[in-house]
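Some structures are shown below for you to check.
Each of the next two complexes has chain A plus one more chain, namely chain B in the first and chain C in the second.
This part shows the complex of A and B:
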């Protein structure tokens, strides 16, 4: 029933999460025989990105129990022990999915006239997306309003992340993607603004020098204070004498001594350091430094977002692993591991016994016998499809908002809002991801933020909301120009209504800080699931540590060659040249290079 | 195994590169030889275009090839259609080259040339090329230059360009080119009618505020401060170019408010309606200078007390009157004064920069801007503060201390000169100025000392920068004691000078002293307390040149030039 795999490996990696994939690529890159398994039919595990339909299937699958493991005793030797794999550390809980809009059938029928007036908007909306004839004919009938049917029908235009994460422009992952030459497998968009909630409204935080300069709400002295503080964090770091005496104090206490105006203090605390009242000075300074270090490299903010979702990134590493000979097998479950002499000798999967030197295993497949603590840092997630941005702007934005707790019982929430240009959702919609540390259920933990920024009430199908004035749908290019002229202030965020939620999903992800017990075989390496941090640094560092433990003397993901640097053995002699074929003007140079290389 | 991944080693890649390079060299040599041969023989054909095109694509900076191409355009007999076609191809070629090297002088120049020769250049495309290029690198001054060229040719309205410069500054204000561009556009859009401010008063305020924003955001970025200098550079103007004239039977001295060049066509001297043939010479042998002299041959001018003497310069008639004080014919006018502008606004800015300097005591730009603001608001009222702040600057910015010292000297001298003239009034002759022990490192406004007879600069730090003394054309008695002077090489020839004190300096060259005495008609020279005063034979040698000269060599009781005044 299942394919037979080769039976001996240097490294077997189970699970295609971020850490697992990086380790698999690194091992394969230095020539190790790698087998990479995943029980799912998709890549990424809890790091995955789904389209709307895929997400529905994923939710459905969680309800059905996994198949039982067959008898394995025949595959074991006398002194070996079999430890059954378990999925208890990847349990997703408290899934609540809600619709706030109706089916097509319940929507009022709009006159043809209405549809026509909306025509121009819709044409723009479909720009860049694939245009089939079906789409076109459909457009004539579709009303502007979004319905459950329409979202389900356009399922492919959604990319929904289980664990949305940003990359610091000079963070571990960006540097790794560049140094390993894996960056060419991925595309990114810069986060266009960092927002903060202040004095009852959302404002854009001036974080780059250009922002600070152009900002008209901050006085010249506040500008100086802000720049001065940022520069000292940036240049001197937490060990500078500047921070003497604050080692045991909070970042807030340090800021209080700097005579900052409330606005500047707010910007630094909540948007740049993303700190709470409890954050230590050291952490605050380091976070500020990290933020600033990454500024000015790719965009207006320090952050990048992976196009098509965070789930793309593990796949990039898998691709490199495969290029260097790694064997991939999806829909293949780990049944358990074979332990003998204090080592993991093999795994059992699909009635096969596969021998290995190292086992790298995602937390979702660990046998409970070798786990010491099941972790506390569980994650509450909320995903919303909305009809407009939380903060209307002149152009489509990719927004990061850090919202500190209003009460002590709450946790700080990070909110990422994605527009259609990231391919997270179709034109006219926005995708909002909120994440915080779990205390109760996801819905309860996130309720205060949902209430603050979103309108999550069921929409009466007969009441048409004002057309979204989001440029992504209705504003024609010339009208946009007018808006640019008029709107410098962000006051409109007050006047414009909160985004209407069309669909929402709450879920709790498992803890990422589970630990192996001391008795676990030393050649078993644990890869954590998604963590609470904004970026991927934790996963990258974990992968590095695992690789270091396995192959202390080897390079970690050295630069992979470009295709033209690769010679296929037996083809080193130049092939016959195409004579008489004169290269065209523009291509000439390249062709010359190519022929020269072949020689 | 077939098809397995094998990566070329760096050594292999290096080897490949070497071969590639060698090939390129051969190609280059062959190409250049061919092109030069054809050029020499005057064979202008398609091949020369084709060859040079391939070569400039690889290296657009070989400007000779572009020259050859332009020659070829002229060398071939084209039909109008083909000519335009070829020019358009040249545009495409330059664009390709710019992609490879957007900072190539020759390529930008070639593009200008092409557009100059096209019957209907497409300026819209050129402008969008500039915009594209400046998006990639907003500080590419080649492109800013080219943009200016396009804007001028296409007659693009200035306000559009102004907006463009604003957006560029907003994305990154560390941009000398864009600030500079503003300083070119703004005076055209909003000229100041009085010509005293660089731009109209209300716009001046706006720009000052904008630049203040930039300087507070990043005080270490010099581009904004430079633009601010331009804004704060108010010109003191006077409607007359000539400030003063003194004339007697022997010579005429004219002091101008600015540096000018005199010749017979722009300047004439008339005595009783008779044109006097005068040969003006500049005081420092430069073409443009502010003090000009002419000497008359004996009996060259027939001057009577009631003669009508006038100087015509640049169409303006300056009447000279007999002055009893000077025993000379004289034309006198007020010192040009600095008009006050935007005082209220400048004061607000001053407050901000003072506060900034308080928060950041080491912020030299804030201090310096404060000084310039104070000078523009009220130089007299703030004189003490200005000097104090300059002293702070000298201390905190050691690398530029000499600059601040010079600036300080300028302010001190200007203050003193204005003070003296304001005190005495225009009609009174000011025959002396006393500027001792004021830490002066340079002279300033020396043109206004050109009629003074006694000038005391003792105890300063003029050092060897003595060239500016050339303006002191009427000076009879000059003290340069204790100025750290090592060399007299730059000491000018001053016709009126009789008494010169160089006491307590570091002069060591006898030759220089001898040369000084040869060049100047001195009666007393004080060189006490200098290494050179111990030179053997010094007195003998000096007497040989000038038997009448009284030389002070060693400290002795008796007369002393410094104390005798």
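This part shows the complex of A and C:
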């Protein structure tokens, strides 16, 4: 049978989430026989990125839970026990999907002279540094209004993250990608601005030295004050005497002793340390340090975003695993595990029994018998497709906004806004991801932020048409809509109307605090799902810990060779490869021959 | 701000005796697709290293290989990605296609199933990959003509209908191996933007710049 897998492994990894994939790569890299399974037909589990169609399918599939399991008794020996896998720890809840625009059929016919009205589309299209011809032809298309049909038709141009995360330029993941040489599989964009909400409007936080000095709203006195404070966080760290007496106090209390102006205090609290008034001094200082440490490496801000979405990153590690011989099989479900003598001896999947030394398993697949806590923490997520940026600029931006709670019942929200150049959405649109800790449902938890920054009301096509008829062409149709709309938008400044939401999705995801019970076999290793942090450090550190538990004396993801460094069996003069460029000279000659032959 | 450099292209500026590399250098990502054992890796090894092994094991540890071809005033550098065996259980990660400007879909002329499978790979590429991707169809193992089951004309017709380059190749005898890569190189657009700095999707790759670790943040200090 085609899908019969080899039956013996050193490591079987179940689930292709971030942690699982890093562990799989690390084990394969040191020569272990790795099998990597996922019951889904896509990579990433709850870390996945989907195009619009894929996301619809994912939502649909959640409604029909998978069925297992075949009879396994014939695959067991007398002293063994079979523990059935379960997906009860990866439950996605409270999914609410909404459209705010119409189908094509309901749209009014637009006159062709309307070309200048596509303000947002043009802004986005003009700023990209390089544009192919294809993009130019698409730009003409964006003159059309966005409809449900059009978004569905262009489904491939969307990359929608379940767990959007940023990378600190000097965070664990960036360092690992570089040191392991896995970085070559992925491409990134730097987050171009960190925004904050101050005095009733969004402003860009000056991050780089150039930004700070170019910034006109910060006085010279404040600049010096900011520099001093940041330098002490950066150079001395949380254990420095500077912070004596504040160990048990909040970061805010510490800042209050520094006689900062409100603006400087706001920048430090809400943009750099991303702290609430409950954040401890230690955490605040450490976060400030982390932020500053990552500045100046890859761009204007300390953050990077993976092109095509966060879901690319587990796949990069999977590829390395495969390159070093790991076996990959999607659409293959873990039916259960075979336990005997206090160890996990094998897994059962698709009527096969696969022997293993170590089982690495994502939290969505664990047999309930070996789980102690079922996970209290959950994540509230909101995803929005909008017609413009929350903070329009001269060029397309990739924006991070940290928004602290307005009331004690609320949770701080992180907002990431992606433009077309990240491949998150087509030209003319933006993709907004909001994330916070769950207290009620995703929609309720995030409502205050949605209301603050977005216009999430159904767009009446006829209102837009009327507006188009009666206004000058320099105003975009949606803006007209807002002006004509309810009074609530009146107090917003006219030059920056809120983005119109075209489509939204709310959902609750499980967070990562599930633990194995003490009775769990010692060779079973649990990988968490996406956590609430902004970056991937948690997953990287968890993967390192799992790898070390399995192979304490081995290197964790040593650098993989570059193509030029690979000398294949049978190749001439494999000896001197470390001394000089012999193999390359060989290739060089070959190139010359080729060149001559071709000419 | 630290400037990112991509080290992979370091060799591509090497000067050749005949001075043919004076022109511009374009770098392209090329992906190989096709069923297991049709000879994908063998084609690459023949092209890149000039070698052939009858019992080629899958290429452990080779994420991709690079090779340059020279066209008039342009040096085309291919970054050739192999499936690394992920195709075996139909589990190829979509990141594999990302930013690929060219693909070679390989089948085995002695095995009809591999041809059928090749057509599904072509569909997959048309669905998943960039719309401008240059696709070549390679009927490999043409040295085994006595065992042929996929007719040349059948494949040629299919290729014509789908706008693919097509050649029958033999990694064993080297027939048409360089030629198919050369044909792809000719068909690829070689304007200024393509292939610069080793990026394909207009993002940036992360590379440790020498001495960078000692460079402290240039901000706020």
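Going forward, the second predicted complex is superposed on the first by the 507 of 599 C-alpha atoms of A that agree within 3 Å, B and C clash if a C-alpha of one lies under 4 Å from a C-alpha of the other, contacts with A are read in each partner's own complex, and residues count from 1 in each chain.
Just so it is clear, a residue touches a chain if its C-beta (ideal position, glycine included) is under 8 Å from a C-beta of that chain, and two chains touch if they have at least 3 such contacts.
All values derive from a computational prediction rather than experimental measurement.
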Chain B versus chain C as contact partner of A:332, first or second or both or neither: second
First (chain B), second (chain C), both or neither touched by A:209: both
Which superposed partner A:186 touches (first chain B, second chain C, both, neither): second
Chain B or chain C, by number of chain A residues touched: C
Touching partner for A:561 - first (chain B), second (chain C), both, neither: both
Partner chain(s) touched by A:227 [first = chain B, second = chain C, both, neither]: both
Touched partner set for A:245, first chain B, second chain C, both or neither: neither
Which of chain B and chain C A:262 touches, first, second, both or neither: neither
First (chain B), second (chain C), both or neither touched by A:307: second
Partner chain in contact with A:497 - chain B first, chain C second, else both or neither: neither
Contact residues of chain A, present in both the chain B and the chain C interface: 209, 212, 227, 323-325, 561, 566, 568-570, 588, 596-597, 599
Complex contact set, residues of chain A against chain C: 3, 5, 42-43, 128-130, 132, 134, 156, 174, 177-179, 183-190, 207-209, 212, 226-227, 230-231, 234, 292-299, 304, 307-308, 312, 315-316, 318-320, 322-325, 327-332, 421-423, 560-564, 566, 568-571, 584, 587-588, 590-592, 594-599
Residues of chain B that touch chain A when the two form their complex: 1-8, 13, 16, 19-20, 23, 54, 57-58, 170-174, 212-214, 216-219, 352, 355-356, 359-360
Touching residues (chain side chain A, partner chain B) in the complex: 209-210, 212-214, 220-221, 223-224, 227-228, 323-325, 561, 565-570, 588-589, 593, 596-597, 599
In the complex with chain A, residue positions of chain C that touch it: 1-2, 4, 7-8, 11, 14, 16-18, 20, 45, 48-51, 53, 58-71, 79, 84-86, 88-91, 93-96, 98-99, 127-128, 131-132, 178, 182, 193, 199-208, 212, 215, 217-221
